[in-house]
Structures are given as C-alpha cells and as structure tokens.
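There are structures below to look over.
In the two assemblies presented below, chain A is common to both, partnered first by chain B and then by chain C.
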Partner chain A sequence: MWEQIRANRVRSIILVILMGALLVLIGWIIGMVFAGNAIAGLVIALIVWGFMSLIAYFQGDSILLGVAGAKKIQPSDHPRLYNVVEEMKIASGLEKMPDVYIIDDPALNAFATGRDVNHASVAITSGLLQKLNRDELQGVIGHEISHIKNRDVLLMSMCGVLLGTIVILSFYASRVMMFGAIAGGGGNRRSSRNSNGGGGGAIIIFIIAILLMILAPIFAQLIYFAISRKREYLADASSALYTRYPEGLASALEKLAQSSIPVKSATQATAPMYIANPFRNKNVSVNDWTSTHPPIQERIRILRAMGGGAAYSNYDQAYRTIKNTNSGIISDNTAAAVGAVGLRAAVAEGPVETAAPVDDKMTRTREVNDMMYRMNDYKTIQCECGAKLKVPPSMQGGVIKCPRCGRTHQA
Partner chain B sequence: MICPVCKKDMFVVEYKQIELDYCHSCKGVWFDAGELELLLEAGGLKEAKQTLGDVLKLPEARTSEKKRRCPICTINMKKVVIGGEKGVMIDACIRHDGLWFDGGEVADLIKIISAKATGKKETESEIMGFLKDVFGG
Partner chain C sequence: MWLIWVILGIVVIIIIFLAGTYNGLVNARNVVKNAWAQIDVQLKRRYDLIPNLVETVKGYKNFERDTLEAVTKARTAAQTASTSGDIAARSAAEGELTGALSRLMVVVEKYPDLKANQNFLALQEELTSTENKISFSRQAYNDQVLQYNNKTQQFPSNIVAGMFGFNKEQAFLQATESDAEKKAPKVSF
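Coming up: the complex of A and B.
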C-alpha cells in the first residue's frame, strides 16, 4: 500500500512538475511582453498561484462543498449511509471518520474532498443514495474513501489550482495582447513609413507568445486528466479490496452509466472530483485522452473480471486482461503485500442498522426524501385518511386541507 | 417546490408511499419522474423508464392555454393529450423531469377514468388510477 502510494507520488510529481514548468513559462512570457522583464512576470505568476493554493489548502473543501450545495449530515439523519462510511473507514484503516455530506440533486454522483486524511469529507447526491442498495453504496463509498486514503484528494485539488492559475493567466494575458495588437496595429500603420520592417523580430515573439497562451491551458488540462485517470483505477481496486465485493461497485457504476442526468453544480474544474464524469452523455462514448475518467464500461468490465478474489493482484490481472496490456496499474510489491483476499457474499438488506427495514427502492426513496425534508424544515402531518402531508416552512402556521379527504389540519 | 401556475410553494402529499406535489391555491399537481417510476414499477409495469418518453412522443396539442415552465428545469413544457381522444391536456417536461396537471385536469381525468372500464394494465391508466385514488376520494 505505502509502496503503491509512493509509486503514484513519483509519477504524479513528474506530471505536477510539468504543469509547474508551464506556469513558469507563462509567467516568463507575460513578463517579456508586458514589462520587458521576464522575472517580473514570473513573480506575478508565482504570487497568483501561491495565493490561490493557500486558499485551496485551507478553504478548498468548504468552497467545493459550498459550490456543490452539499449539506453535512449526522448519524441520525441517515444511519445506513453513516454506517457504510464507518465500515469503509475501518476497512481502509483511516484514523478519523470523514464528514458525510448530502447534495440535493437527482443526478447520480459522489465525490471526496479535504486537505489530508484527517480533514476529509465524502459527499453523495440524494439521487445516488436512492438508487443504490447497500452493497452498491458500499462500493461507491469505498471508492471515495480510497481517494482519501491514497492521498488523491489534496493532490487533485492542488493540481486543479495549478491548472486554474495557468488558465486564468493565459486567458487574461492573451486578451490583453490581442487588444494591444489591434490598438497598436492601427498606430503601426500610421508610422509604418518611418519604421518599415523594424518590428519583424517583435512580431515573431508576439506570435509565439500568443500560440503559447492558447496551447498552455490545453496542455495543462491534458496533464491534469492524465493524473486523475490513473487514480480512478486505483480507487476502484481499493474499493474492491475494502468491500471484498467488486460486484457492488460494478453494479453501482452500471446504474451511474445508465443515467444521463448531468450534475447541476459540477464545473469542468470540479469534474475529476466525482466518481463518474458528471457531464457524461449517453450518446457520446467519451473514451480518449481528454476524459477525466476512464470509460465507465471498462471500469465495470475490469471489476467483473476479477475472478475469485478481491485482492490487488486480482484487479491487476483483470486490468491487464481487459486492457490487453502488460503494464498493470498496481506494482507487484503492493499486490504481494496485500496477498490473497477472498470475496464475501452479497448482503441481504435488513433491519440490522436501521429502524425500518430497507428492502426496496421505494423505501429507500422515501427514506432519503424524508431526510431532505427534515433538513429543509418541512413538517409532516399524518392525515387520518392515510395520506401524509409534508409542509414547507413558508406554509407552516396556516390551515392545510388534505386534498384526499378534505380534513383540515393546523400546520 | 414552486407551483408553475401560482408561483407559490406547494406541499407534498404522500399516499401509498408515492409523493405528489400539490398546490394549495390552484389545486394543480406535479408528478415527479422519479415518483412515476416508483408507481409504475410497484404496479409491475416494466417499461417505467420509457413512460415519459412515450408521453412526450404524443403530438403537441393545439391550444391557447399558456405555456407552463417545468418547476424543476424551468424550461417550457410540452402540452399533450393523454387518456385517449377525449382525454385531458397535460404539461410534460421535455427534459423528462415529470408531468404537470392543472387543477381542473385532475378532476377531468377522474371523470374519464370512472366512465371507462379499465381492465387493461397500461401506464396511462395506472397514472390516472393513482390520481383518482388520491384526489377522487
């Protein structure tokens, strides 16, 4: 495990250095073009990046959760979810229980965030919570917990910041340069008789600068995606190991694949945080080097090809078979350290940890919806006719007539 | 949820574990896609996922009635007639978020369904049957 984290870290560091080099290059050019002094531009770029990184480090998780509209829940709000997170926390060996958040969104998705293993959060949409049974939920939570355990969370948010800085700097610099070129172009024409050909060298530098401004963000994005894709496979492998039931995650991913509701609050920058690409479209098979996630069908196939075990070696073998490659995703030493791990049987959903038995989709939906109502201060009235009225805060205090039987209730 | 007609808060009516959003002032009903699916699956109808798609395939009804916006995605909904030729015109969200029944439409639906013998299990009659269960009492 540790060796695996280290191997990942080396690979990631190389990619991060590449991204950092891009940032330096951007700063250099900005300095050359605007101030005639490359160092000044470099300093500006580093200050912007440093400032954004500090914010991301200390406030990143709350910003991300805030942007996603996530609400923190207590064990009593949804005992089943809390219990599953706890199980996965123990299985993964995390020391501190991550905070659990719910996003009120019918789309199916989940993500993990936080600055380190002791300041981490797991968020899941209400839609996903409704659709998944216990085994599937465990698979998804296992995947998210392993992002925390494998230290992916901070790395991805820091890479996101680096990417963001590059995008912002080159966006504004290229706009200013274009504008300057148009304004300056007019001036040049007037004075061209006097200084004919004098600007040739400057123009070449200018064109190179513009090209770099356009290409740098694209390169940075590709590097970002390369970092995030690798980590998705490893998180899948870890989830299978923690749950000892790869079929749970496979079946959850299948449900995710079938749904094409986009996540309302997702942006390009936050996309790699989710368990599956939040912008997926049923009609487009996204399967190239611009994807943040490996194709979902491939992830399912690998999980299902794991054969009789839940160990890393099983996942690695399945990965090589499905991808038809010799280079696996997990190093031999890591796989050997984990050893052989058998599968467990599917659990029957029962009243083990909740007051009400959770045996079907209908009950689960009511459970999740009622939790959302409670969190939004709805009041529930049980009418004698069998209907339940759930009244929003704005209507409380008035008289509500049951639309079924006509009885009136004081809300 | 906000009523697409009155722009006021609606409240939720749960009956037989199915939820509907109900507007107190105009008596309109929002039938959410997820709840439709639950209802039809519980009724043993397999093609639950297609139902909204089927409703949306119906021709756009000619009417002077004002377009209503979906309370979830706020895109204008499509007006279609369900329940046969002399059926009722309802609004369907083109993004498959759900169905909207104006206040009077529910009552009309209930009249239609009482007049017709509903032997066959169809998605439309299942939906109307449930509305009758809730509001026909």
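Coming up: the complex of A and C.
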C-alpha cells in the first residue's frame, strides 16, 4: 500500500526540477551580469544552496521545534496523546516511534518534522489538544504521521531551502544591479561592452535580467505552494486510510476552521509543515494559487464525500467530484493497489469521552493545563479547603497563603 | 565480438533484475513477519493490563462478579491459546477476550465512583489504546500481506518468487465477532 509514495513523487519531482531550473537561471544571470561568466554565477548559487541544504537537513527539525517553542513530552505527561501517536505509528507501519512535542499556544495547529522516518517528531499546540476528542486527535495525528511516512517533511524542507536560496540571491543581486545602474552606469556599460559589444543590446539584456530576478522568486513560490497543496491532499487521504475513519479528521478540520488565532511562532517558510495554514484569517479570502494549503472547507467536503470507504480510490473519487475535475490527486495504479477498504465505526471513547460533552471539554482543558503547569515546573499544593494551588518556580521555598480559606502552606 | 558484449549486457541486466526482485521479495516477507510480531506485542500488553484492571474493579462493592470472572477466564484461555500456535483457536480466544472486556466496560457505566477513580481512568485509557493498537496492527498486517501477495502473483516478480519458493500465501486476519461480543448488552439511555 505504500507504493503511492512513488506514484505521487513523480509529479512532485517535476515541480522540484522546475524550481531547480529557476535556481540555475538565477545563477546564470548573476554570473553573466557580474562576472561575464555563467559558471561563476552557477558556482555561487550552488554554494549558497548547498550550505543552506546541509543546515536544513541536519538542523532543520531542531530549529523548527526551537522556533515554535515546542517541548518534548513523555508518555506519562499526556498518555492519551502519546497513545494516539503510537496507534497511528502502528497503523502506518512506521518502524520508529516519533518524538511527541507540545507547543504552549492557544492557536489550533499541529505539524510534523524530521529529515527521515528515524528522526521524526510530531508537535501539537496545547489549544488543539484541548479541543479535540479521541477520534479527531487520531485524524490529525494520522495526517501528521503520513507526512512523515510519505517523506513530505524532507521534500518540503528541501523545497523551502531551494525557494529561500532563489529569494535571497535574486533579492541581493537585483538590488546590487539597480544600484550599479543608477550610481555607475558608465562602469556597467563598459563591462557590458566587453562581453556584448553593443550598448543598446546590453541595456535590453540588463532589463530582462532584472525582470527575471523579480519574477523568479514569485514563480518559485507558486511552485512551492503547488507542491505543498498536493502533499496536503495526499496526507488527508492517508489519514483516512490509516484511521479508517475520515469523519474524525473532517470534524477536527471543522474545529480548526472555526478558529482564526494565528500561530505565534509560524513563518512563511514553516507554514507547509502545519496541518492547516497557520496564518489563516477569517476576513481575508484565501487565494487558491498563493496558499500553502487547500481551502479547509474543501478538504472537509472531500473527506465527507468519501462515502463508505477509506481507500485511496474513495478519496480520489471524492476529490474528483468536489473539485469537478477529471484528474485525480492519486494515481490510478496506486488506488488499485490498495483495493477496497471499509470504514470502522467511531471508537468507544477513553476516559474523557465517557462523561457528558460539557465535562469533556473541561476535563480535557484541565488535563492539558495541568500538563503545561507540570512542564513549567509548577508545584501543586492541595489545600484542605479543596483548592488546588499552582505554585510557580519563583515562589517555591516560601510560605504561601491559600487565597480561598487563608490557610498557610510551606511550598 | 559485439555479440559477446550484447550477451554479456543481457546477462548483467538479468542478474540485476533477479537480485532486485529477490531483495524486494525478502524485504516484503520480513515486513509481513514484523507486522505479525507487532500484533503479538499488543496482545501481550493486553494480558498484562487485565490483572491490574480486575484488581482495581474488584474493590468496588457489589461489582458484578460474573463479568469479572469472565474476563479473567477469557484472559487465561487466550494466553494458553497463544502458546499453542494454532492461529484459528487463538483468534477465537482473543475474540472472546475482546468481547468479555467490552462487556466489562459497559457494566462499568453503572458505577459512577469507579468512573471518577483516577487509577481506573488511567487503566481505561491504556486498555482503549491497546484495543486500538491491536486492530491497527491487524490492519497494517493485512495491508502488508496484500502487498506481499501482489508481489508473488504479479508479473514479472512472480517468476522470481516461483524460483525461490516465495509463493506461499500468507493468511489474512479477520476481526471475527465472537459469541461474547454478540451477547454484549446494548446500552440504551
């Protein structure tokens, strides 16, 4: 069933090659304009790209987790989250259990990172963890695990580096060229004459070069977004397949759609890693072409249109119906290789779900809050009057008065 | 002279094809074996959880003895079956255990203080998750078997599979609804 990775990879690779071609183009222009020699420019472009790739490959996940302020958790910190990750790890056939991280942020989001299946992590915001029931959590984690399983994380971070290199090179090169043209037109023309032999031709080449410098990053970004959107659909389809329960992810996405709190620590470069666009804002209509994620409502509609099956072929069919298109998102041989897959019923819920729905939210919130307090080294004192005092590390060691009954405690 | 090179080239291509396909088959078979082992791990985990669960629940006054005893009995039977090596018998015994446990969980609904017990809640989470893991590992196993079977039956890898005796079909596991599960009381509000 894992053959789909290969089939979908071909399309992604074509797009990556396009981005690579843009980088080569930029390098070539830089070489021609500044050194009169294309090779020199190419070498500069490759060195910048290679250096950034190495950092992204070996340090990318720790940088991303560090920037997001993610904290690693143990099974005992939040058993349900840890168990759900392990369940999805088993369902996807991953060999190694990914590390589980939590981000103290009321925004609703989650992401996966790590260069390969053996160095993978899953991170979720505390806000999302509070909002989701077990089935929904499973859907979200299934989505993230399939990013790991499908190697999307590596693909997207390498594309991100490619994009970054193109943006940086064209930004600085075009500024230097503009400056050069304004301040020292003579010098520029002289060097151009050496290589081209004609003033008029040099100016045209110069203008074309500037135009390409401006357009290349835009094109690169559009390609990047296109790759990202494709991977999101595939991850949704895989999540449905792993959980055998598309409704879980659909209802989780619905909750995500209702919230418009942006993720504090997200940047344009890290956006494709998240389950939903971290900058989403209800008042701004999201343009199809300039978005890292497909519209969330559309993803929900596709998942709900899967009709009685959890296989890739069901997702593909739903995708075609909703998007009103003939070209599916998953290749035919992939869909055929997996065959028919039935759905399961909603699982009997764990401890949280056995209580009434109102209690659910309270229990979950309390659970997550307690965990965040513990992780920030707060101490809990149970007062005789029933109040639970949470003592921050800075106040530990002193005497603390219960705000409710006035008893004093030794912290 | 060129004929020799052509023949040599063809031979090299055949060897590369044979080696690649053979390794692919070995890999697929190992993945199936590993997936099978995964199911075992989860079933064992369930055996380990049950004594704790029974111990916690037993403390509650008037807790239905029959339900508890059924769980304990089903566990012992499943553990015995796990050493016998008979897959059909084992699958039946595990099905009985699943049924007995789900009945226990329904009965628990009648005991509000039990549901407020932290210890019990933690156990219940573990048990829910282990049940999920069992079904997910069975699901993953079946997916891998399908993959392996496709490889041994489809052209051209079926030729290599036939040459090296790979075409032994692996059994699919089915989640059979046991008698106990069918008898599980329906909850009505």
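Brief remarks follow.
Definition applied: the second predicted complex is superposed on the first by the 382 of 411 C-alpha atoms of A that agree within 3 Å, B and C clash if a C-alpha of one lies under 4 Å from a C-alpha of the other, contacts with A are read in each partner's own complex, and residues count from 1 in each chain.
Note that in this section contacts are C-beta pairs under 8 Å (C-beta built on N, C-alpha and C of every residue); 3 or more make two chains touch, one makes a residue touch a chain.
For clarity, every value in this text was computed on a predicted model and none was experimentally measured.
In the overlay built on the shared chain, the residue A:Asp77 is in contact with neither chain B nor chain C. In the superposition on chain A, A:Cys405 makes contact with chain B only, while chain C stays out of contact range. By the touch criterion defined above, A:Pro392 lies against chain B but remains apart from chain C after alignment on the C-alpha atoms of chain A. When the two structures are aligned on the shared chain, A:Met362 is found in touch with chain B, with no touch to chain C.
In the superposed pair of complexes, A:Arg244 makes contact with chain C only, with no contact to chain B. Shared-chain residue A:Ile90: touches chain C; no touch with chain B.
By the touch criterion defined above, A:Tyr373 lies against chain B but remains apart from chain C after alignment on the C-alpha atoms of chain A. Once the two complexes are overlaid on chain A, none of the chain A residues touched by chain B in the first is touched by chain C in the second. Remark: chain C residues 31, 34-35, 38, 42, 102, 105, 109, 115, 121-122, 124-126, 128-129, 132-133, 135-137, 139-140, 143-144, 146-147, 150 touch chain A in the complex. Against chain B, in their complex, chain A makes its touches with residues 106, 130, 361-363, 365-366, 369, 373, 378, 385-392, 394-395, 400-405. In the complex of the two chains, the chain A residues touching chain C come out as 1-3, 79-80, 83-84, 86-88, 90-93, 95, 134, 242, 244, 337-339, 344, 347-351, 354-355.
Listing the residues of chain B that touch chain A in their complex gives 9-17, 19, 22, 24, 27, 34, 38, 41-42, 134-135, 137.
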